[in-house]
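Both of the next two complexes hold subunit A, though its partner changes from subunit B to subunit C.
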Partner chain A sequence: MNALGFGLVDASILAIAALGFTLQFGVTNYVNFAYGAFLTFGAYMALAANVEPFHLSIWPAMLIGGVCTAIFGLLLNQFFLAPFVARRRGLIFALIVTFTLSLMLGDIYIIIWGSDFKELDYSGTVAHEVGPFLWSNYDIAFMFITGVVLLAVHLLLTRTSLGRSMRAMGDDLNLARVCGIRTEAVVAATWGISAFLAGVAGVMLAIEQRTFTTTLGDNFLFLILGSVILGGIGRPAGAVIGAVVIGVAVQIGVLFIPSGLAPVLVFVALIGVMLLRPQGLMGATPRPPGQL
Partner chain B sequence: MLKANSAIATLVGLVLLTACGGGQSSSNSTANQPINVGAMFPLTGPHGPAGQAFLAGIQLAAIQINNAGGVMGRKLNVVPKNTNGDPVDAVTAVRQMLAADNPSVVIGFSGGDYQDALPILNQAKVVTLTDVGDPVLDHQVMPYSFRAVPSDALEGTAMAWWASHEGWNRVALVFDADTASQTLVPSIQAAASSLPLTIVASNSSDLPTGTPSYQTQVQAIIATHPQAVLTQVVENDAGTFYSEWRNLGGGSIPVIGSDTTSTGAWVKAFGSAQAQNELVSVVPSTSTSAAGAQFVAAYTSQFNSPPRSLSANDYDALIVASLAMIAAHSTDPSVYYRSIPAVTTPGPGVTVVTSFSDGAKLLAAGKKIKYEGISSPMTFDPTYHTLAVPFQAVKTNDQGGITVIGEIPAEALAAI
Partner chain C sequence: MNALEFLVVSLGTFAALNGILVLGLNLQFGSTGILNLSYFTTVAVGAYATGVAELPPAPHGGLVQYVGGFNWPFPMAVAFGVVIACCFTFVLGGLAFLRLREDYLGLTLFSVQAGVLLIVTDYSPFLDGPRGVQGLSGPFQDQLSPTGFEVMYLGLSLVFVVATYVVIRNLDIAPLGRLFRAIREDEVAAAAVGKNSWRVKTTAFLFGGATAGLGGALVATYTGGWDPGAWQTPETLILLSAIVVGGRGRPLGALLGSVLLIEGINEAGLFIPTLGDRPDLLPALQGVATALALFAFLWWRPQGLLAERPERLPKAAVVRTVQPTR
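Take a look at the complex of A and B:
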C-alpha cells in the first residue's frame, strides 16, 4: 500500500505539471517541448526567494517561483514563440521551435546558475502514517496544494469568461475568432497560467527530489508527456487522470520489475492507449469521415 | 605566345616563392603556436555538471603548466568538445576536432560515449588518456590510448572486499542506470561469489535518473535488512535517494561508495553530517596526499567549488602527456606516446615527482622521472595501458578533504 501512497504523491506533482501542459496545448494547438525548462525556471526562482538573496520560507518561495515563471512564459510567448507561430502555423514547425528553445534555455541556465546541484532550504520533514500510507508532511501538503489547484482550474474553465474562451478556442479556433473572442489575449493568458502551473510543479519537484540541477524539468518531461497523451491531449481532466495512472504505475511497477525498466512502463501504457484508444482516456471520439 | 608563356612562368615562380616563404613562416609560427589539448566530456545533459568539473581539472593543469613555462616553451590550449555522454555525438565531436584543431592529446570520455570515438582517435595516432573504467577495455591493445582511471572491475571488487572485510556480509546494491555505474555491478556480483558476501537486494542496481522519488525502492531495500549498501549514483540522485533513505529509517545502515562518492559535492548531496558516520568511499590509493590537498585547494580557489571524482584524474592525465612530450622532445602524438611509460614507470635511478614543474626541470637536466599522480600512482600496464592499483577506504568531508581509514591491498583483489 505504501507504493500506492508514494505514487499518489508523485501523481500530485505530475498532475499540476500535466494540467499546465495540456491547457496550453488545448488553446494553441501545438506542443511546447520547452515546458520542462519552465519547471526548472520555477525551481531556481524559488531558490532565489528561499535561499539567496531573500531567505523567505518555502511556501512564499513556491508562490514566487510560480509567478516568476508565469511572467517568463508570457514574455517568451510574446517575443519568441508568437512571432514564429504567426509566420508559420503547424505542429511540426512549432515542435522544432520549442525544442530548440528548450536546448537554448538548458544552456542559458547552466551559464547563469552553474552545473552544480542546488537545494532549497526547508526543514522539519516528518513521516506520518495516514491509514495504510506513509507520507511526510510535505507529501501531504503537495496533495492538498494539488487539490486546490485542480479546483481553481476547474472553476476557471467552467465559471469564468476566460475559461469559456479557452475551451471555445480548444474546440475551434476559427469559430472562436469569428464569435468575437480576443484570441491573442486568451493565448497570452493561457501561457501565463500554464507557466504558473509549471513553476509551482517545478518547486514541488525540487522539494520532493531535495537536490536538483538545471535538468530538473527536462528529466520530468517524459512523464508529463506520458500523462497528457494517456489522458487525451488538450483535455484537463484527462491530464489529471493520466498523471495518477502514471505516477502510481511507476511506483508500484518497481515492486515487480527492475527499477531501470520502470520508465518503460510509461511507454508501454502509451502504446496500449495508442492502439486501443488513440484519442486518450478522456479524449473525444473522432467523428466518422463526412459526418459533421 | 612567348609573352603568355613568360607570364605563366613568372606566375608559377611567384607561387613557388610564396609557397616556400609561407612554409618558412609556417614553420616559425608553429614553434610559437599553442598546443591543442582536446577535452571530450558530456558538458550538457544529466552528466553535464560532472563533465564541467572534469574539464576544470584539465583547465587547472593547463594553467599550472602554462605558468611553469609551458611545454618546450609552448602554451597549452584546452579545446572543450561536448560528447553529450552519447557515443554518436562523441564521434561527431572527435571528427570536428581532428579536422579543425589538430590536437596533440585528447583527454576525457566516459563509460557512455567512448565506444566509437576512441578507435577513431587511435587510428589517427592521437594520444588519448581516458576516464573510461569499462572492463571491456581491460584486455584491448590500443597503442595510443591510456586509461587515467582503474578498471571498474577492480573498483567493484574492492568495494565488495571492503564490505566483507568489515563483516558486513548482507549487502544491497544501489546504482544508477548509467554505463559508468553499471560496469561496477557485474564485478561486485562476481566478487560476492568468491567472498562471504550475499547480495540481498539488487532491484535498485539500475535506478533511472531524475525520477521524482525512489521511496518504493528504498522501502523494499530496507525490508531485506542489509548490513551495508554498495552504491554509485550521480550526485543529484544521491540527494533524492539518501534523503528518502533516512526518512524511511535506513539511516543507520553503512553505505560503501566508489570514487564517485568521494568528492565534496557528492558528500554534500548525501548529507554532510550523516556522511561522517554512514559513508565510506573506496578509491584508488595514492601516496601523495599533500599534493592531493594542494590540488583540492587550487581547484577550489580557481573554480569556487570542490573538485569531483575524476577532476584529479584528468588533471594528472594532462601532466603525464605534457611530461611525455618534453621527454620525447616532440608534441607529435605518434612520436611522444612511447614516452608516456618513460615518465610514469618506477624503477632504479628514477626520481618520483608530484608536479609538472618538478618533472619538467628534472627532464631538462637529463634525469629520469616517474610522475606520481594525485588521483593514483599513474603506473600503466605496459601492454593494455590500464592502471592496476591498490585501493583505500576513505571518508570525505564536504570540502573534499579525505581521511584514509583502511587499505585494500592489490594482492587481495587479485586473489578474488
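Take a look at the complex of A and C:
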C-alpha cells in the first residue's frame, strides 16, 4: 500500500512534467528532446535562489525556478528554435536540433555549474500517515501543487482564448491560421508554459532526490516519454493518465523485480503501445507529422 | 615506439574504427532517412556480445558478474557480436517500422537508447553494470609485444574499414541504394509504385546494425573492455554530426566528417592541457564545439561538405515530351 502512495507522489511530479511536454508537442508538432535539460535548468535556478546567493525559502525558489525556465524557453524559441524551423522545414531537422540541443545544454551546465552534486536547502521532512499511506509533508505538498497545476492548465485550455488557440493548432495548423490565430505568438506562449512546468517539476525532482547534478532531467526524461507515449502524445489528459500509470507501476513493480530492472516496465508499456495502439490511450493529435 | 608514434598509430586506429561506425549510421540516416538515435546502443550490443563470447564464464559468487562467457577465439567472438547486433536491430527495427510514424519512431528509438542504458548500468547481474566487461583481447594479443599489437590492430582496422566502405559503396550505387534514397525522399510515392517500405527500411536498418555491431566488437577488443561510459547518449550525436558535416548520404562524405569532426575535435583535446582544477571542462567544451558544428552546417549547408551527387538516369529512362502537332 505504501508503494501505491509513493507511486502517486512520483506520478504527481511526472504528471506536471509530462503535461508540459505534451502541451508543447501538441502545438509545435515536433518532439523537444531537450525537455530534460529544462527540468535541470529549473533545479539550478532554484538552487541560485535558494542556496547561493539569495537564500530564499524553498517554495518561492520553486516558483522562481519555474519562471526562469519559462523565460529560458521563450528566449530559446524566439532566437533559436523558431528561426531554425522556419529555415529548414522538416521534422527530421527539428528532431536533430532538439536532440543536439539537449546534449549541448548538458555540456553548458557542466561548464557553468560543474559536474559535482548539488543540494537544495529545505527544512526537515516530517512523515504523516494519511489513511493507508505514508507520506512526508513535502510529498503531500507536491500532490497539492500538482492538483492546482492540473486545474490551472485545464482552465487555460478550456476557458481562455490562448487555450482554445493551442487546441486548434493541435488539430490543424493551417485551419488555425485561416481562422486568424496568430500561430507564432501561440507557439511562443506554449514554449513559455511548457518550460515553466518543466522548471517546477525539476525543482520537485531535485527535492525528492536530495542531491542532483547536470543529468537530473535526462534520466527522468525516459519516464516522461513513457508517460506521453502511453497516454497519447499531444493529449494533456493522456499525459496525466500516462503519468499515473507509469508512476504507480514503477513503484509497485519494484516490489517484485530488482530495482535496476524498473525501466523494463516502461519498455513493456512502450512495446504494448507500439503493437496494439500506436496512437496511445487517448489517441494522437490529428496533425500529420510533417506539418510544422 | 615512442609516445608520439604510439599516439599517431592509435589515432589512426580510432579513425578507422570510427569510420566503420559512421558508415553504418550513414546508411540508416544519411541514405534511408531513419533518424536512429539508438545507433550507439546497437554498437554496444555488438561490443558486449563479443565481450561475453570471448571471456571465460564469470566466477560464481565473485564480484564480477555477466551473462555468457564462452571463451571463444577472436574471429568467432566478433562474428557473434555482429550476429547478436543484427538480431537486436531486427527486433527493434522490425517492430518499430511496422506501426510507427516518423516522430513516434524518433521518440521510441530515443527511449530505447535511454532505457537500455539505464537497465544495463543499474542491473549488475546482466553485464556487470558500471564496470562492464573487461579483459578483452584482440587477435594474437598474447603473442605480440604491445607495439606489435598496436601496429597489427591499425592494419586490421584499416582492412575492415576499407572492406566496409567497399560493401556500402556498392550498396549505394546498386538499385537497393536507390530504394533507400527513394524511401528517404518520399515514402508514399515509393509505396505507390509498389515498394514495400517496411522491407526496405528493415534492410537498411540491418546493414547499418551489422556495421554497428562490427565496429563495436572491434573497438571493445582493441581497448580491452566496454562499459556504460563508452555508449552514453552523446555518442550517437557525434556520429550524426560527422554525417551532417561531412556529407549526408555519401559514404565518403561520412568518412570525411568522421575524420574532421571526431579526430579533429575529440583528439585535439589530447594536446590541450587540463584546464586548472576542472577536468570535466574540456570534454564539455568539445561537446559544445561538436554541437555548434552540427548547427552551423544544418543552418548553412545541410547537405554537408561532400554533397550527394544527383541521380543520373540512363537515357532510355528519360521520357521525351511529345511536340504538339497543329
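Following the convention adopted for this analysis, the second predicted complex is superposed on the first by the 283 of 292 C-alpha atoms of A that agree within 3 Å, B and C clash if a C-alpha of one lies under 4 Å from a C-alpha of the other, contacts with A are read in each partner's own complex, and residues count from 1 in each chain.
Operating definition for what follows: a residue touches a chain if its C-beta (ideal position, glycine included) is under 8 Å from a C-beta of that chain, and two chains touch if they have at least 3 such contacts.
Just so you know, these numbers come straight off a predicted model, no measurement behind them.
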Let's test your reading of the overlay: on subunit A, do subunit B and subunit C clash or fit side by side?
clash
Go through the superposed model and pick first if A:T125 touches only subunit B, second if only subunit C, both, or neither.
first
Which superposed partner A:T158 touches (first subunit B, second subunit C, both, neither):
neither
Which of the two partners, first being subunit B and second being subunit C, lies in contact with A:S57: first, second, both, or neither?
neither
Is A:L134 touching the first partner subunit B, the second partner subunit C, both, or neither of them?
first
Let me test your reading of the model: by the given contact rule, A:I110 touches which partner, first (subunit B), second (subunit C), both or neither?
both
Looking at A:F220 after the superposition, I want to know if it touches subunit B, subunit C, both of them or none. Which is it: first, second, both, neither?
first
A:F33 contacts which: subunit B (first), subunit C (second), both, neither?
second
Between subunit B (first) and subunit C (second), which, if any, makes contact with A:F93: first, second, both or neither?
second
Could you say whether A:R210 touches subunit B, subunit C, both of them, or neither, answering first, second, both or neither?
first
Once the two complexes are overlaid on A, one stretch of subunit B runs into subunit C. Is it 171-179, 261-269 or 369-377?
171-179
Shared subunit A surface residues [contacts with subunit B and with subunit C]
106-107, 110, 114-115, 218-219, 258-260, 262-263
Residue numbers on subunit A that touch subunit C, as the complex places them
29-31, 33, 84, 87-88, 91-93, 95-97, 99-101, 103-104, 106-108, 110-111, 114-115, 218-219, 221-222, 225-226, 229, 233, 258-264, 266-267, 270-271, 274-275, 278, 289-290
Going by the contact rule at the top, pick out the subunit B residues touching subunit A in the complex.
44-46, 48-49, 52-53, 177, 203-217, 219-220, 235-236, 238-240, 243, 247-248, 265, 269, 305
Residue set of subunit A touching subunit B in the complex reads 2-3, 6-7, 9-10, 13-14, 106-107, 110, 114-117, 119, 125, 127, 134, 136, 205, 208-216, 218-220, 223, 250-252, 254-255, 258-260, 262-263
Could you pull out which subunit C residues touch subunit A in their complex?
33, 35, 37, 95-96, 98-104, 106-108, 110-112, 114-115, 118-119, 121-125, 129, 233-234, 237, 240-241, 244, 278, 280-281, 283-285, 287-288, 291-292, 294-295, 298-299, 302
